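Common to both upcoming complexes is chain A, partnered first by chain B, then by chain C.
Now for the complex of A and B:
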């Protein structure tokens, strides 16, 4: 009886309802978070403020930009025919390039090694690195000698941890004055490894003539290099055909004898390179830090300079073979530098030729079937660096996009500066001023008259550019910090760095 | 399936108390750690996501996930269950339902805990940002701008795992929770010395699984495609899979011999 009553009155346990409710709540929170990430992103991070003209002038233009907030996320936008759309870039992918490290050296050719080694003088060296139980000692011998006959060796290594590498010779050089070369033999704890007689290029670049400069043109496969003129050879574009693993290198490279000790040779080539395109005598690639954006819909383009400052446009196909070369009618002087800008169309080329202070000329070219269909040259000033420029679809208008910079000043307490930058200050507060790019100037001109814009606007970066904070921190540490900013995305790639 | 759900729900009833305590303690611990590190003037200029990584809360989350697994497994050692006198022999369904029910229970508790972490992060954003800006204000005259909650969610690798926006990170979340739930179910099926061994292996196994996911994350984010990373990933993943297999075998063995009874 008692049991029956108890069963009647006891609340029936229905655990699944609670259990399922908690599961539903958990999933709801996770889903809501995901939705919040996508929907809650500040869509007004980029605003178009029209100053003169109306947005119908933007018909026929597409301008893309992106801001990489961290390595993991950012925001991208596109101004297409006057309408602005903002898209959050959640967990952005890194670019597809390979991390490369190139190093040129002047080495003693193998047949001269014995002779140089015989006259070398040297001694023992030792040292240590690391601390406590990780402390390691190294010791060995180093020798120096002087010679006039050297071989230029260039090695390119992938630095993503795989240590794939290629090494090739750029020819032998007879120097006018003797050059000091060094060899090292590490007996134990080979930290940096032993090497036969050689010297780095940096120290002798001014005294030795005939050294061929090497520049990495493309870090995507196939890796392409520019090898400058020198040593009686013309400049050219080379491609890396094969990279070797450290194990393969160990097998390929023979040992040479330095003071009776076997040391791996530093002149033996490994891997494979091929010259895919040779420039004319006296011609070289125009000085440019990065050719990353030098692309067209059917290949690549480069600017060459013929020794008298005249610029030519070199068009290459997808296999890096020369399609055509044409004089541009532009000249560059000593000390000037070419900057390749991302273009707004896949059949347009934009670049600037500027002095070290940023003033000079810019040129926009529209290409059709390998020919220049339209060209516009304009002047650029150091105050408003050009970001990109391009023709409208019908070619009647020209859009010019430049940086809108403002000087922002913040006050940094001297005590803080002393604490972080160890610089004593007399005043209690130190003003710190830095140049902040708060937006872009977008101007549209009739193509035959660049005196007055028919449309002018500012793309203003609102909430997310943390300039004040960054500049203030720069002031505290008294060093220029690397501040991320919006970048133009070229028409050949999307905001994630993928080819389109 | 109904018997699995019933058993799971009954075990949920048994462990909800310790689970609630764990969630509460974790919340207090996280808030204290974040606020204390936010008030450190040496971390001037840090924002929430940097602070979260800098103060070491991220590994603590994974430690807490393992604790959730242990709490879920504690259902089979609960005194209330013993008092109700239900055993493997008297269970109205196959004994394998015990493992299945514990796996589902583990999955639910872990998913709930992940959601709890997201809520905590969102809730901690306001006080932590306030403390950060107070500290900054006391050191500088002009106010500093702060990241919005969305930006802070976006910049935190843990939130990227818990709030996946890509298929890869979604799979990683399912994998992390699945492996932990699997070990939890194996723990629940064993008794005595075997349970101690299984628990120890479970800690190593989940640790290896989380490490494998981290290596993969590193590969994706930093674009490293080096063979050495793939080798490391393969080795760690093999260890995680091996330990999971050993624990599943032990659980099967224990259930067959009705050790749990």
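Now for the complex of A and C:
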């Protein structure tokens, strides 16, 4: 009886079929998820909302853009002859160049070190950083002295972990007043911690004349730098020919003696640089934070100013050699800044010259055989920052694309503000309002009359969750935060950052 | 081949209770943590990936990942009174190499199922979690999120989901590493006995920990898998990858030696 009952309840397990069914279910879930990622993207994420005119006005224009939400999630879109297409971007953007960190210093030349060291005063220092088992202790000696003879040294380091570096001299400077220089001797971490007498440029830039400004123009290989005028030298464009590894640097750089201790020299150059293009006397590159988009189909372009604010267009070939230089008939004043915008055609140039609040002028140029074929100058305002502009294929129309922003408000509970911003509040809720870009204004004008657009529309993205997040956290921490999710892609590259 | 697959299925099936329980409990804990995070006013406006990170479910996922191989071979590793496994390489009509391979495949299958369960949790929970988050945010936000395709933006921006659903070669390599590493090491653990097994378990867990460490920035959405060899993560990625590779080779050789030297009780 007992045995029968046991037999009755005995389960028949069919592992093969159960296992196969589980495998099939697992694969089905993973496949469904993958299909959702690839095919479930919102094809209508960007919508063209026409306000005036009809889309036939968009014939002859191609505007491409990208909406990058996270490193691996985004869409690219293209408005070509009035037709809007979107493509999902599920892969990480390739790096647009090498990660670089540049630092200029004024150092005491090696031949003067003994003299400066003899009159230096200083003492021991010690301290620690980190906590618990990560706590590190440091100690050493530092000395300060004053001198009027210094050498400008610039070092450029790759910050991708390889620590490749180049260091070169920009000439010796005789200062009118003595400059305080410091040397440090660390008992540990000798190579990177200890240094002979020098001072950072930041502290003396206003008092010492002749310092040459250095700006990274291209982080792609070969790395190109702009070296400003000064110290009797003209401005020019330099290229990095060789970067050294930390091991090579340790072999190349000799030791110098500071108060009887051997310290690696900070003036010995390593690696190699070469000046590939020299500007005229008194000429310098116009102040611009980023020349990334300054490209043409046959090379690069830059704007120079001659000391009186007159802007010239400098065209360079692929090898950074000067092709031509022409006056643009535009002037910039003290405090103004050039912003290079991505152009919609590979033979067009777009830039703005604005003051600190974003108001000023914009210029669109169409180039042909190295000459300006057409130029249009327009006014830009701080309220609607210009994103790009360009001529139609036949050159009869001009498209202007600017940001459309909305005011968005959140009510932050006072308890959160108090907790995260350490601000005592009397009210129970604190309003916080911020501008959020929710679309682009697209306007088309007849090229000879910019008073009234013949076509006006909005490329609408809507309010994204990222905007809600930024404004919410801005409100909680009471700190202004800004995000840039939508960008115009220049005609010289595609949405993946590849050259076309 | 058929014998190998049948043995794999049998081996897999033996652990359906412990491994199934592990995945079910893990999923339940994750659901609770996600809901708890969504109900917090501070997280009212954040994106899904941030909610996933803030909820702490990555710790649960990591713990599950470390436990799955042991749970997938639970009865084989810890035979009880009613679950003693009585097959050996001498009793099963199979080639000697098919036993470890069968265990490897069974473990890989459990890891694959774990991935599927995790994907399901993230996909299914997006709706309720977002609704809960919106109900908390309703009193604070004086505007609506109007961007189209909110589910796609939220899920495609979720680092953990993107790790489990690879879209580029480097992602696929990380997932393959996460699945294959413990699967390859589990036969070593199961063939050894006593203190040797304890040492092998600890080493295998350290190996898995290294793999999880490499995958963490991808799961958190900080880096793409293709960026692991660059930027700030470069040195530690190479170091951890190197240590992991050497350790895995050593364990594998140890396991192979043990399989060929002893009569193996499964």
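To be clear about the criterion, the second predicted complex is superposed on the first by the 460 of 500 C-alpha atoms of A that agree within 3 Å, B and C clash if a C-alpha of one lies under 4 Å from a C-alpha of the other, contacts with A are read in each partner's own complex, and residues count from 1 in each chain.
The rule we apply is simple: a residue touches a chain if its C-beta (ideal position, glycine included) is under 8 Å from a C-beta of that chain, and two chains touch if they have at least 3 such contacts.
Bear in mind that the values here come from a model prediction, so they are computed numbers and not experimental data.
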item: Which of chain B and chain C A:388 touches, first, second, both or neither; value: neither
item: Which of chain B and chain C A:45 touches, first, second, both or neither; value: second
item: Which superposed partner A:410 touches (first chain B, second chain C, both, neither); value: both
item: Contacts of A:471 with chain B and chain C, given as first, second, both or neither; value: second
item: Touched partner set for A:19, first chain B, second chain C, both or neither; value: both
item: First (chain B), second (chain C), both or neither touched by A:461; value: second
item: Shared contact residues on chain A - chain B and chain C; value: 13, 15-16, 18-19, 22-23, 25-27, 29-30, 33-34, 36-38, 40-42, 69-73, 88, 90-91, 95, 160-162, 410-413, 416, 429, 463-464, 466, 468-469, 472-473, 476
item: Residue ranges of chain B in contact with chain A within the complex; value: 5-6, 8-10, 12-13, 16, 44-45, 108, 111-112, 114-116, 118-119, 122, 139-142, 144-145, 147-151, 153-155, 157, 159-160, 162-166, 169, 220-229
item: Contact footprint of chain C on chain A as seen in their complex; value: 13, 15-16, 18-20, 22-23, 25-27, 29-30, 33-34, 36-38, 40-42, 44-45, 47, 69-73, 88, 90-92, 95, 99, 159-162, 406, 408-413, 416, 420, 429, 438, 461-469, 471-473, 476
item: Partner chain B, residues of chain A touching it in the complex; value: 13-16, 18-19, 22-23, 25-30, 33-34, 36-38, 40-42, 69-73, 88, 90-91, 93-96, 160-162, 410-413, 416, 429, 463-464, 466, 468-469, 472-473, 476
item: Touching residues on chain C, where the partner in the complex is chain A; value: 5-6, 8-10, 12-14, 16, 41-42, 44-50, 109, 112-113, 115-116, 119-120, 123, 137, 139-157, 159, 161-162, 164-165, 167-168, 221, 223-224, 226-227, 230-235
